[in-house]
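By written order: A, B, C, D and E. Residues from 1 in each chain.
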Amino acid sequence: MIHSLLSGDYPRSRVLSVLLIAILVGLALGPFLFSGTVAFRTMGLIVVFILVVAAYDLMLGYTHVVSFAHLMFFGFGAYGVAMALDSMGSNFTAIAVGTGASLLLSIVVALLLGLLSLRVKAIFFALVTLAIAFSFMVLVNQLYTLTGGEDGMRVAVPRELGPAFRLDEPWTGFSIIGWVWGVITNPLNIAEVTRDAFFDVRANGRLLMYYVSFVVTLVLFIGMLRLVNSPFGRVLLAIRENEFRAEALGYRTVYYRTAVVVLASALATIGGVMFALVTRYITPESTLDFELAVFVLLMCVMGGMGTLYGAVVGATVFLIAQNYLQDLLGVLSGWMDQVPVLAMAAPLFGADRWLLWFGVLFVLSVYFFPTGIVGQLREWAARRSRAEAGQKAGDNADEPASHGA
Amino acid sequence: MASENPVIESRDLTIQFGGHVAVNQVSCAFYPGTLTSIVGPNGAGKTTWFNLISGQLRPTSGQVLLHGEDISRLPAPTRADKGLGRAFQLTNLFPNLTVLENTRLAVASRYNIGYNFWHMAARRQDITDRAMDYLRQVRLEHRADAIANGLPHGDQRKLEVGLLLALEPEVFMFDEPTAGMSVDEVPIILGLIADIKARQDKVVLLVEHKMDVVRSLSDRIVVLHNGELVADGEPAEVIASPVVQEAYLGVAQDETEQV
Amino acid sequence: MAEPLMKLSGVHADIGQYHILHGVDLELPRGELTVLLGRNGAGKSTTLRTIMGLTDVPRGRVEFKGEDITGWPTPRIARSGIAFVPEDMGIFQLLSVRENLDLAAASGPIDKERLEWVFGLFPALKKFWQTDAGNLSGGQKQMLAIARAIIEPRELLLVDEPTKGLAPSIINDLRDAFRELKDQEATILLVEQNFNFARALGQTVAVMDDGRVVHAGSMAALAEDDALQQDLLGLSLGAHQ
Amino acid sequence: DSVRIAHVTGFSGALEAYAEQTARGMEMGFEYATDGSMEVEGRAIDLMRKDDQGDPSRARALAEEAYAEDDAHFVVGSIASGVALAMLDVAEEWERIMIPEGVADGITGARHNRYVFRIGRNSSQDAVSNAVAVGGEGVCVSTIAQDYAFGRDGVAAYKEAMEAEGGEIVHEEYLPTDATDFTAAAERLFESLRDRDDCNDKYIFGIWAGQTNPFGRIQDLNPERYGITMSTGGNILPAMVGYSDFDGMEGATFYYYEHTENDMNQWLVDEHYERHDAAPDFFTAQGFSQAIAITEALRATGGSTDTEDLIDAFRGLEFDTPKGAMRIRPEDHQAMQSMFHFQIEAQRRSDWFAGDDEQTVGVPVLVREIPMDELDIPIRN
Amino acid sequence: MTTETSVLQDTRPTPGVRQRLAAFRQGYPHFFLLGLLVGVMLILALVPYQLVAGPWLRAGEDVPYLIQYFRMGTTTWFVLTVSGMAMGLLIFIMSSGMTLTFGLMSVLNLGHGGFISFGAFCGATVVVYFSAWGASGNLFLTIAVLMLACFYAMLITGALGVFFERVVIKPVYGDHLKQILVTIGGAIILMELIHVIWGASDVPVPRPQLLRGAVIIDQAVPFIGGAAIEIYRLMAVIVGLILYGLMLLIINKTKVGVLIRAGVESREMVEVQGYRINLLFLAVFVAGSALAGLGGAMWGMYEQIVNAHMGEHLMIMVIVVIILGGLGSITGCFYGAILVGLINLYVGYLEPRLAGIATVGLMVAVLMWRPQGLIPVLRH
């Protein structure tokens, strides 16, 4: 059962498994474990971007196609559905039409991109896609009558998916973070702390929307796991490793590469649709910006290229950092102000300087996880198991050099 | 054997790189069950000729015929599907995949399941098994789980040959398969090549510098020199021919004899 | 006997987390050509790379001209007079033959006569003087690689399987070239699979297995003793005739 | 309990500088309005800072957080029009007051809802005041603006006002927001005016937001040779330095600290020098005014923070600000206010910014104050 | 070699005009494209407006945008062409550093924009500090300010380059992907540092008096009478040309160039030849950063106001330029920049909204024609 679900592609590291399960549970029960709109929004983003980044990994990690146009397809989805809702009214047919249309567009454009990749290679391709994505953004800005230009446009979701559609009496959630914090700060009266930890969960259309996107992502992710462990996925690996040789073995690499680009783009489009419906307001900056494209790239690399699980870990870690680093720094500089010695350095750590430290983390994450978080964890796990094997089989050092009969 | 029609034929194949004509008007046909050695000094055009036949390069002029069909315009993969198999002179593997995975890829390409994305590759035990016997044939089974680029040079050469075997082509093209292989392992590879030849229905093309190997294995020797086909015939007579003597073996025969 | 030009004592080497060499002891007598034999994976190439400082040496000591060069940065080792032809030839594919040789002449512009001498050995190089090295044939690459090592006189030459993929006539030329170098008092360490070639040149010989030197002595002795060959190299010249 | 005001704006990112100014302005504003007690009608004023990082969806979440978790009565911001527009419907969902800081007409226009009040000027006010400033019989103007709602609306309003003044718009040039080379545009603008001998005054009027603005570039190609003068609205002080090239240029601005004499402005200027060793700028004044508006509204409701009470209070509310009296008109909740007709005079000044290195700047010397009732601002909601 | 070539000449017929053109197109794609663009525009400019727009004018309808183009007279053509080329050189100054680091060390520094911004601020600091000199209108003092600003900018960004190369780039040599990431991370840091040092608000740059205004050609002059070219652009041309000359000299005429190209392929083998490669790479990167600084300083003075994100906004243009020219090729970058400068103005005159997209379009078109850009350097 599990085996088929994961397509035999296990985390292969105890720590990683724990991490993944934590994330899964955290997202599944999220709305009932973390209070607050910001937390809710962050979870929504995580769910959406897990899908987007995983799709990106299909191209990047499994085929070494480096494209910065991924976000363009994301934009297709977001704007497609937003514009449909805008023109056809807030109903589900509009969503269907918008999604369908943008999927169609994505597939066509992706095919063209695949052809382009025939002629324009590697880093050139990467930078060209960057430029193409840029011109799409310019286009969106200039069609402001349709898209609202830089001001962006609100996504008039059907009532069922909006805050207005709500059950009368809210459900109850239990804020673990609040509780833990409480327990730490005043351990004496746990009872009160526990009471405070309970909070109301607004059982409205947005909660519904969250769970819809959660399920979509989950299903698609499992599908991708299967894909990369299928014969198709193996060929992708071959192309990544040595395209020339793959051809000599009889694989038409062109078709495979194009197929992947189309697939990834379609998935990104779906991601875009969900993004629009979850955040309910889109701007070029929040959907098409180059910076965002780089962030997706980072999530992918940080999590671990070529391991879909990396997308999960990468997206989660990154988005949490992006949304909470600032608060953390705020607290930090608060403390530093107390300490006269550090007070002078405090401005460097001020909440408004969060981007500085974000940049630093950005760089460090690439160094400390050369193979991504997942890759790193797996390596450690592998090393440990080798060591254990070593204990049994005595000196394992000769292993690579020794030649069995 | 000339009675049967050729499996693969090179008609006036010519390729020019800038000013330099690397392969010049080379015509030659190959028949099933034969092993032909292609010899010639370095830079004679042997590898380039192979590239023309297996489709890594497009000829400036001339054709490649497979069972009489002109395949000169087909891309390399299609030719591979049609049964042209190629092992490379400079080792050319999937560096970061395991030895086994390398071989599985070669085996799988015969099954045309590349576009299947709903099954689990790992569940195809049959493919794994076949991959394993090819590894056994090239004596690499004990390294099945090693990463390819961690292998010592000689073992990489063996894997290179293993991939070609796994491809089960109709035409085998070996480009100096034993180069840099330790003396005691050379016979293994030669044995494999001999077996293929023994099957009678395959065509084997072998680029090799080791004269004794050439002599012992081939039914026929083709000599390239400056991209031109300068001699073609029975091993004994070709090796005896003066052109080969000075152009290829050089004067100092005595030592090379044993090499 | 005179003290050796190079001396490896108990050298260990790691690649990644693999432990490849387990205490290599080796002496290279001045002005002699030493052949390093051994089956695939014995550690020959690694030994050469270790001398060049390309793999880290957790234990052991490498001496050159009596000086301990263990852990020196590669450029320094090279400039101290050691040339290296790696197994994969390591030529610069994107540079022309000319540029490749220009770089090899680290101490200044190429010396004309020596260049002519090299051209004499490998005429192909003259012909493809301006071509990108990447476009050379397998053998031509090999020639370029060797030419690069000898374009300037060096005290010690480390050469990894030079005959691989060379036509017999070229092999002969190459053998003559090495002879000539020997006459010029160069010391050479030659990794070789081609035993005949090795026998024709080598004065001393060392055989490696599993990251250790398992036999060292005079070539003459080994050449005589077929049993020893059998036992060391699993090598029977009958094998392929 | 306290009056909770959440200032949700781009404290980090591209508009950091403006956000800082508004925040400063608001603090000083409340301080002034409450004589330093920071209490209105016995209720403490609780100012919260939330950084939207210039990201609309984050801004929405923060606004929601403010209303839902912090139970804020007012959300002020954001300074970026796009972000501000994105936030509007959150106010509607939560039925609480919002005071956006952006200039886009849409905020009190197409996208407006009854919980939204704007104290800062909108781009129509900029445009119209500029038309009034230079307008007259036989005035020919070619406009250059960003090809974008902000620019187009502005020009439209300008055109209306200009024609009302008897002037004529000869040519409208629209450029992408991120244009950097303006030579081609300049050529077209010159062409459009060059041969118009029937005009007594020729102007090129520009509406431009963001760093690289075209006026300097066009000025360099010296339009004077065709008898063309540049005209544009004021800007933040750092941008006004570049105006030193346009000696004699006329236009109208929202605020310049030397334009008004009143105690409130006096206090603002002195205190600002006192605390920051620099002149108060555009957005400082806006923040200040916002604070005044809020306190006045609260006084009017007698301290009640009930939304409906506040809406009633704000509608038609009249109050004094550093730039003179303002009136929030009930129709679209936009604060009507005077604008200031200026003429640029290049001067060496060292008192604009912190530190005291002197440099040549374009001082917008006051020609006259254009009172609010002279400005007929279209109602577009 | 000789033998083959002679054989070749025998086989080839004597080339006709078409072959010659084709050969030229292959051999000098940059001249070809440039000539084509400028030439076509000139022809358009020469066609009298009335002729083309006649139908609409007579019908009293308003003339379509495309047709409007023909209104352009030779003067306008001249202004657009010269200004465009000049702008091109300004862009070249900013882009050269990035293409240099890529061409010589295969490092894709998307943090280049950060350096541009930083340079701009350094330059601004100097110009503000010596604003009195600038205002003086004295030629000597003006040049002095200019020089000081540029050198200071290059000094600081160069120094930053040392730090950047050692700390940020070194660990990721040979991996473009990670380079993209770390350099962008680095750029974020740089921009924040600017905020920390100079504060968040824009800094105005009082451009020296002498460098303001334009050179105006007398109305009387035929064809180009009344044309006005900004003085500052003309100065950019001078700086750009000097820079271009120097770079070509160093890279082609010295062993250093070869050495570094070899290093890109295999650092290990370069060291085996006995060279210390990392110092070399460091030097190149520093040069690249300094160039970015120079470009930033010049651009800042042009815009007369600088802000931390300006470099970021310029990046897309820089990228288009260096790809168009052929990643890593100095010459390519030079002509690429000029082409972009021209397209910007020509299309900007035609239909401003398309200006931005036109440059990207040009790039894609060129890549379709020559996948490695106008002048390829990566030879495989």
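Heads up, the rule we're going with is that contacts are C-beta pairs under 8 Å (C-beta built on N, C-alpha and C of every residue); 3 or more make two chains touch, one makes a residue touch a chain.
A quick note: this is a predicted structure, and the numbers were derived from the prediction, not measured.
J.: From chain A, which chain is the farthest off, judged by mean CA positions?
T.: Centre of mass proxy via C-alpha means gives C as farthest from chain A.
J.: Could you tell me which pair, D-E or A-D, is linked by more C-beta pairs in contact?
T.: By the number of C-beta pairs in contact, the winner is D-E.
J.: So how far apart, in whole Å, are chain B and chain C when each is placed at the average of its C-alpha atoms?
T.: Distance between chain centres: 28 Å.
J.: Please work out the Cα centroid separation of chain B and chain D, and write it as a whole number of Å.
T.: Distance between chain centres: 77 Å.
J.: Using CA atom averages as chain centres, what separation in Å is found between chain A and chain B?
T.: 46
J.: Scan chain C for residues touching two or more other chains and write them down.
T.: Each of 18, 39, 41-42 in chain C touches at least two other chains.
J.: Taking each residue of chain B in turn, which ones touch at least two of the other chains?
T.: Each of 20, 150 in chain B touches at least two other chains.
J.: Spell out, as numbers or ranges, the residues of chain A touching 2 or more other chains.
T.: In chain A, 138, 142, 353, 355, 400, 403 touch at least two other chains.
J.: Flag every residue of chain A that touches chain D in the complex, lowest number first.
T.: Interface residues on chain A, with respect to chain D: 35-38, 40-41, 138, 141-142, 144, 148-152, 154, 163-164, 279-283, 285-286, 323, 326, 351-355.
J.: Could you please specify the touching residues of chain E with respect to chain A in the complex?
T.: It is residues 108, 110, 168, 171-172, 176-178, 180-182, 184-189, 191-193, 195-196, 316, 319-320, 323, 327, 353, 356-357, 360-361, 363-364, 367-368, 371-373 of chain E that touch chain A.
J.: Enumerate the contact residues on chain E facing chain C in the complex.
T.: Result: residues 1, 255, 258-259, 261-262, 264-266, 268-277, 379-380 of chain E touch chain C.
J.: Once bound in the complex, which stretches of chain C touch chain B?
T.: My answer: residues 15, 18, 38-42, 45, 87, 124, 131, 135-140, 142-143, 161, 164-173, 175, 193-197, 200, 233-235, 237, 239-241.
J.: Any idea which chain B residues touch chain C in the complex?
T.: For this pair, the touching residues of chain B are 17, 20, 39-44, 47-48, 89-90, 150-155, 176, 179-187, 190, 209-213, 216, 247-250, 252, 255-256, 258-259.
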